[in-house]
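Common to both upcoming complexes is subunit A, partnered first by subunit B, then by subunit C.
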Partner chain A sequence: MALNTLVVPSTLEARLEVEKRVLDFVDKTGYNSEEGIFSIKLALEETLVNAIRHGNKLDTSKNIRIAYGVDKNHLIIEVEDEGEGFDYSHLPDPTAPDRLELPHGRGIMLIKHYMDDIKFNGKGNRVRLVKRLF
Partner chain B sequence: MLELKVEHKKDIALVKVSGKLFQEEATRLEEAISREIAGGRSKIIIDMTYLNFISSDGLSMLLEIRLRLQRKDGFIRLVCPPELIYEVFQRTKLNKIFQIFETFDQAVDGDPS
Partner chain C sequence: MEKKQHLITEPRGDVTIVTFTDKKILDESNIQEIGEQLNDLVEKHYLVKMLLNFENVEYLSSAALGKLITLNKKIKEENGKLKLCSVRPQIYEVFKITKLNKLFEIYDDEDRALARF
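Presenting the complex of A and B:
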């Protein structure tokens, strides 16, 4: 499976173009579920903002690499930053009573909910999202 | 990306939003609400009827505004989020934190019935 690739600087403006490119690609597959497209957009937004803000820490000299494509019936999106990674296996539950009112920490739980699969590399600076389309 | 319209109903600011509530747009909405707070209004109702997207940044902004308004004995109430938006509140359990109403009148009364 050949994936389309993009390399963009760590700016919040650049992510909007990435989102447009990926959603245009999804549109061309013929996939038109309103709920599904909402899910893809939300997961992509959370992933890209995390990579830019937390991964590359808004350092515009660092890039974000995005790869996307369809494998059989599934949309695959990979996002990699140049940061130090993080321990994705010990994230606190943002819906726990003592964390529910905190204004941060919901991005990854939303990605997990709206995608069918999410896998990080060992370092935690690359993530692969999978969403069943057909 | 996010259209904003503010109306005043007595001491309440009704903020009608349409479009997408995410990173940059959340900042714009926060600024609009901050202007209301600076103007002495601490009761804010956000009409979400035509909102079609919200991210965790949008949720964060709403939580921060809620805390600011609570300190002023005010409130933030949400009206009529579309199904996909409401699901985000359900999934994050923020539907237990925010008061969400079907109509503006119910939100003014603070009574969902």
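Presenting the complex of A and C:
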């Protein structure tokens, strides 16, 4: 399966270009579920912001690599940053009573809810999102 | 350069209805400005009985939720009240997934919300 790839700098503006490309790609597949497109848009936004803000620490000299495509009716999106990675296996629960009023920490929870599958590489600086389209 | 006004405010008795003008509260720079404008309403204008109207909002990210939480804290510190209304089903789901529907009072429309201040 060949994925489309692009590399962008770690700017919050560059992610808009990524979102446009991916959503245009999804549109060309003929997928038109409003709910599904909302899910993809939100998960992609959260993933890109995590890569830029937490992965690359807003360092504009660092890039993000994005790959996307369709495989057997599933949308695949991979996002990789140049950061040190993180321990994705021990994330605190943002819905816990002592965390509910914290302003951060909900991104991955939302991505997991809106995607059918999410997998990190061992280091934690690359994530693969999967969503069934058809 | 003047910053874009992301909020429209309307007094209704002692409650201020604040309507978002942006359809997408996703863009980080927008979120930052929105957060600042919301905080200014409390800190500079002492508008501590506030109803946020989400009728125009089609997309919302977790960073925007963070700004709402911060606003809620500020208003609570002033013994004020914050309520939300006119949240589209897809946006309400974001509140529900994150259990923030337990933190915020969310109403179907302005009238129902105003009746509970």
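Points worth noting:
The rule we apply is simple: the second predicted complex is superposed on the first by the 134 of 134 C-alpha atoms of A that agree within 3 Å, B and C clash if a C-alpha of one lies under 4 Å from a C-alpha of the other, contacts with A are read in each partner's own complex, and residues count from 1 in each chain.
In the analysis below, contacts are C-beta pairs under 8 Å (C-beta built on N, C-alpha and C of every residue); 3 or more make two chains touch, one makes a residue touch a chain.
All values reported here derive from a predicted model rather than from experimental measurement.
For the composite obtained by superposing both complexes on subunit A, the positions of subunit B and subunit C are in clash. In the superposed pair of complexes, A:Leu100 makes contact with subunit B and with subunit C alike. Residue contacts after overlaying the shared chain place A:His113 against subunit B and subunit C alike. In the superposed model, A:Asp59 lies in contact with neither subunit B nor subunit C.
Overlap of the subunit B and subunit C interfaces on subunit A comprises residues 12, 35, 38, 41-42, 45-46, 49, 94-95, 100-104, 106-107, 109-110, 113. By the touch criterion stated above, subunit B contacts subunit A in their complex at residues 22-24, 53, 55-57, 59-61, 63-64, 67, 84, 88, 91-94, 96-97.
Against subunit B, in their complex, subunit A makes its touches with residues 12, 34-35, 38, 41-42, 45-46, 49, 94-95, 100-104, 106-107, 109-110, 113. The part of subunit A that touches subunit C in the complex is made up of residues 12, 16, 35, 38, 41-42, 45-46, 49, 94-95, 100-104, 106-107, 109-110, 113.
Of all residues in subunit C, those touching subunit A in their complex are 26-29, 59, 61-63, 65-67, 69-70, 72-73, 90, 94, 97-100, 102-103.
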